Amino acid sequence: MIKVGIVGGTGYTGIELLRLLARHPQFAVTEITSRGEAGLRVDALFSSLRGAVDLVFTAPDPARLAACQLVFFAAPNGTAMGMARELLAQGVKIIDLAADFRLKDPEEWTRWYGIPHACPELLSEAVYGLPEWNRADIRAARLIANPGCYPTATLLGFLPLMRAGLVDADSLVADTKSGVSGAGRAAEVRSLFAEASDSLKAYGVGGHRHLPEIQGILRQAAGTELSLTFVPHLVPMVRGIHATLYATLRTPEVDLQGLYEDYYAQEPFVDVLPAGACPETRSVRGSNLCRLAVHRPQGGRRVVVLSVIDNLVKGAAGQAVQNANLLFGLPEGLGLDGIPLSP
Amino acid sequence: MIKVGIVGGTGYTGIELLRLLARHPQFAVTEITSRGEAGLRVDALFSSLRGAVDLVFTAPDPARLAACQLVFFAAPNGTAMGMARELLAQGVKIIDLAADFRLKDPEEWTRWYGIPHACPELLSEAVYGLPEWNRADIRAARLIANPGCYPTATLLGFLPLMRAGLVDADSLVADTKSGVSGAGRAAEVRSLFAEASDSLKAYGVGGHRHLPEIQGILRQAAGTELSLTFVPHLVPMVRGIHATLYATLRTPEVDLQGLYEDYYAQEPFVDVLPAGACPETRSVRGSNLCRLAVHRPQGGRRVVVLSVIDNLVKGAAGQAVQNANLLFGLPEGLGLDGIPLSP
Amino acid sequence: MIKVGIVGGTGYTGIELLRLLARHPQFAVTEITSRGEAGLRVDALFSSLRGAVDLVFTAPDPARLAACQLVFFAAPNGTAMGMARELLAQGVKIIDLAADFRLKDPEEWTRWYGIPHACPELLSEAVYGLPEWNRADIRAARLIANPGCYPTATLLGFLPLMRAGLVDADSLVADTKSGVSGAGRAAEVRSLFAEASDSLKAYGVGGHRHLPEIQGILRQAAGTELSLTFVPHLVPMVRGIHATLYATLRTPEVDLQGLYEDYYAQEPFVDVLPAGACPETRSVRGSNLCRLAVHRPQGGRRVVVLSVIDNLVKGAAGQAVQNANLLFGLPEGLGLDGIPLSP
Amino acid sequence: MIKVGIVGGTGYTGIELLRLLARHPQFAVTEITSRGEAGLRVDALFSSLRGAVDLVFTAPDPARLAACQLVFFAAPNGTAMGMARELLAQGVKIIDLAADFRLKDPEEWTRWYGIPHACPELLSEAVYGLPEWNRADIRAARLIANPGCYPTATLLGFLPLMRAGLVDADSLVADTKSGVSGAGRAAEVRSLFAEASDSLKAYGVGGHRHLPEIQGILRQAAGTELSLTFVPHLVPMVRGIHATLYATLRTPEVDLQGLYEDYYAQEPFVDVLPAGACPETRSVRGSNLCRLAVHRPQGGRRVVVLSVIDNLVKGAAGQAVQNANLLFGLPEGLGLDGIPLSP
């Protein structure tokens, strides 16, 4: 078994990593840290894990983490960059589920995240962990920037169009909707049941941190400048992201359904629905799948792509495990064959 | 008191009309029909109305309805057009909350609704009941086509831009989200709690019946051809519509906040939020209000308008009462001053 | 207009008081306090009140509050008792929506609330503000202890049985279910959407603070010792309390339906449903009503009473306004005729 | 692989059986029937199963079903009894997830289910499929009556008390709460999102079909007559049952925590929580677990047991797979080690 550690295990990505890793045949979690809950049994905090996880939270200790072959950072932004150098130096691989290594330019990072970057020299080495985008690089990496949830859903939806160069560069709109678990397990008024339930609202319209991350990859994929309008919304559901993507075709002559089916033909975790279908977020709940549909209303020039993922799985912990499988040369889908829970 | 009848009172627009009219100082519901529930007390079906509504459902009877001064049709599409001629001939005013009189062209109507129109000669007379669009016509009308819920939210959001001629005609996108009550009280699998809860999906991407209704008014407002991409989504909440509207500015020099504030300065039921705000659907729950915000992400060429209404009030029964007030020369807001219920 | 103040206006009982008082024909809120939000417009915090409430939060100032004829305390436990003496001395009437004056015995109060009582001499004067229990005392009072939400639903359900002396004193069980707004607007992990949604749990089984409050009144009503088993549950809904009450009849010969209908025949806010019916919480949403049903499964000795209220209205702010009407000799239902919002 | 068939696969127990069996190492579903959907791919109806289930619904055909070694009936009451004789005669084992074989007395069955029983001679042979109650009988059976969801949660909670003879026979109350999926996938108004959401109500207070099923087993366990008051409630959540059970101790001297821990010490799917804890339904979501807690408020004579299951797993499909494992001599937990999905 490969020894893995989790730094910051008290949030929703932490509990989801534990759920997936507890049944993984090759990874064994030997260390899970939390400053606030050190000494507490994990299943005392997360009763759903009783009988499945036999671990106690410890205070973060680099020496103990260095005994792992892989460390997942499921902690707030700014945590991984504080320990990455030291762990990498000791041969530990790292997957950061937060944002520390998602952008290449440290100044842009600081502009969006508000603090200086602690190890800018690692930014060029870090590999963006979207296997459908750069699987080969991930296999060879030692430091993975696990993508954000909105970026995963949005990029998987837009990539075939970008690669094919079919759409106007300034026509891109991503209207995205997320369940409330995307806001994390922090105690904030806006995430209360009585605030978020039976209501919907947009937020971050002026600029959301996932925008530069998405735009960066889209530009690489398209090979041109482009601008994206990105509007996230908060939806009264626990899990799930639905990205509704709009773009304008340069030319009307194109088989979009064929394009998408071909592009993802070999991908184990991307499912292109039949023409005319609309994916629902619950159809991927608890699984590492992304389901996509591509539409062209009234046969016009505008393309509409619908993309759904579970924000905690393909949008976070599941994708991290997929990346971990790649890092260690394991079958990519190992431990990720859970069927979505529906209803 | 002005005598009013309701045809088809067993759906959600019916119960909402009753809630509003039961406290209205000038209208008295004297007749409420339902083929299926004739003989049943209204409050036996809708226990929330116990003590407030003392009526019994009757089978629809033109003679009894003709004793009313105003009849609301809260029935399925195709019902009002079967009785409109006869009632109008007897001097009864009509507000149809369904779609029978929303389009001007009977052939277009048939294309979208699948049946021939029963009284095409009334289509030109019927007035589209969006007071913020054509209040004067409503005052003078005897037959009102009450707007759909999506059209109300979308039109109120787009009208200032259209009137000002500020945006590209082919850049319009309406990404709209509706609570499940918008699907009505019909027993359908897709509307079950266990189907619609904790999930989100798009539907009708290929073409929704509200599209021609919206497009028709937008064209009038803009005075030009234009095309709209309209994608509705089903959200796990009971009430509420959130329209997220996108358009591309022709010129960067424009004060959008001022434009919207001026346009709606005199409107009692449209509230333009301060710059930077995002309305939430619950902020209008149970009220006849539409709250709007206008954004321009990163100061670019794309405008994003956020528009929320309660689909059963401003999107149906409340707007119908507003229209009724106008029809009878009453203060426009009479009986509509309820404050939104939040949380 | 009677001038009223609200101390602690940033919670859910505060916003609900504002909603009700904004349309009240005799009360005018002239002062609303919040230490944390002083200087902020109320409608900047609660967007649902835009256009209806034109107030700014101020820091609590006894001198300004003394200019009111009535002060509602919608603040945490322990707040009202710190200001009550001074305000009463200046002729201000007080309605405390928290627990400071709900128990008669200061030692028992301290046992449940963990701090010494600041003005024990006022406990005997304070009147428990359940109008259906002691309307006459309320009319004559100057200090009202507004009942808790669970106590209101439970007491209204049990009182007819207690008064009639029909059931075994040690057979009482109150299995109660509350929406999440009952936990207030405080940022706590357990109240997060992602924690409370799509789940149900009991809590406080060992002893909940509402137990002594309920037991005290039940004992007075029964005129005997008795013990109650009280188990509250957290339900994934925003508003609503459903109390399911169990007791064992001493004698099988009794017309329970008649007993309840007679007991509440003159009560404007208690609705006894027809035999066999089951009230749903949404049938009272947003209203000051309590709906009750009484059952006797299989004609046996066990009585089952079902009682529903909106925890924020009849369980808090609505009952407070009802008490305020009584305090000032106004019609008891003034400003409380809103019809429940359903669906 | 053991060939299994599913009769009536279009409901929620059907889809859940498919989810569990698709990853089961010893069972292979070779036949799934639906009169209404014959010819349709299963994953066209249930998109969550795309990529995991490669089956087409067929019209029910006894000859094809007879080729299976085991048939699950996930169909309405009255279906299994029409085919049981024929299948058993051909050596096929049967697990009925509906109610046809849950009661022993055909007259009692008819009284509750309203139709004559089609094969009363099989009632005595049928084994009630609650492994924690009669595992040995299940192993030897060929016809299993899979328990109802409420009975599973209630019986697992009450059995230790009944076996120990500790409580008054007429003191039993089961206040039970169920998610809406318990009402099935039938299109009924009461199960609509807009009806069931944000509300809670009791139902079936006069007599629910699960009452005789529960009472029958409790009497066997206690070895005496007893009567139970059983009140189910509908909760706005998709999955989950929470049974809150009340009984009065005969004697105060008893270690309830020890009793429960000992009783279930060897049970793989029953988890007794530490003293003082309260289980939440989501802690078992998607899993075959029952979590229990036992309380004695204020140290009095009344016991309160809290019992939670996922109604579609331990309350239906999961328990059916557990029974199937026993029927075929497989490890009891095979294919049932999924960890609950939380949040």
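We just call them A, B, C and D in the order they show up, numbering each chain from 1.
As a working rule, a contact is a pair of C-beta atoms (placed from the backbone, for glycine too) under 8 Å apart; a residue touches a chain by one contact, two chains touch by 3 or more.
As the structure is a computational prediction, the values presented were derived from the model and not from experiment.
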| item | value |
| --- | --- |
| Subunit D and subunit A - chains in contact with each | B, C |
| Fitted rotation between subunit B and its twin subunit C in degrees, CA, nearest 5 | 180 |
| Farthest chain (mean CA position) relative to subunit A | C |
| Rounded Å distance, subunit B centre to subunit C centre (Cα mean) | 37 |
| Distance between the centres, which are taken as Cα means, of subunit C and subunit A, whole angstrom | 45 |
| Subunit A-subunit B separation of Cα centroids, rounded to whole Å | 39 |
| Two or more partner chains touched - positions in subunit C | 12, 179, 181, 194-195, 197-198, 236-239, 279-280, 282-283, 285, 343 |
| Topology of the chain contact graph, where touching chains are joined (line, ring, star, complete, other) | complete |
| Subunit A contact footprint on subunit C (complex, rising order) | 12, 179-181, 183, 185, 187-189, 191-198, 236-238 |
| Touching residues (chain side subunit A, partner subunit B) in the complex | 170, 173, 175, 177, 179, 194-195, 197-203, 205-207, 227, 229-231, 233, 235-240, 242, 244, 246, 276, 278-283, 285, 295, 297-298, 300-302, 304, 306, 308, 343 |
| In the complex with subunit B, residue positions of subunit C that touch it | 12, 15, 19, 22-23, 46-52, 181, 197-198, 238-239, 271, 273, 277, 279-280, 282-286, 289, 291, 337-343 |
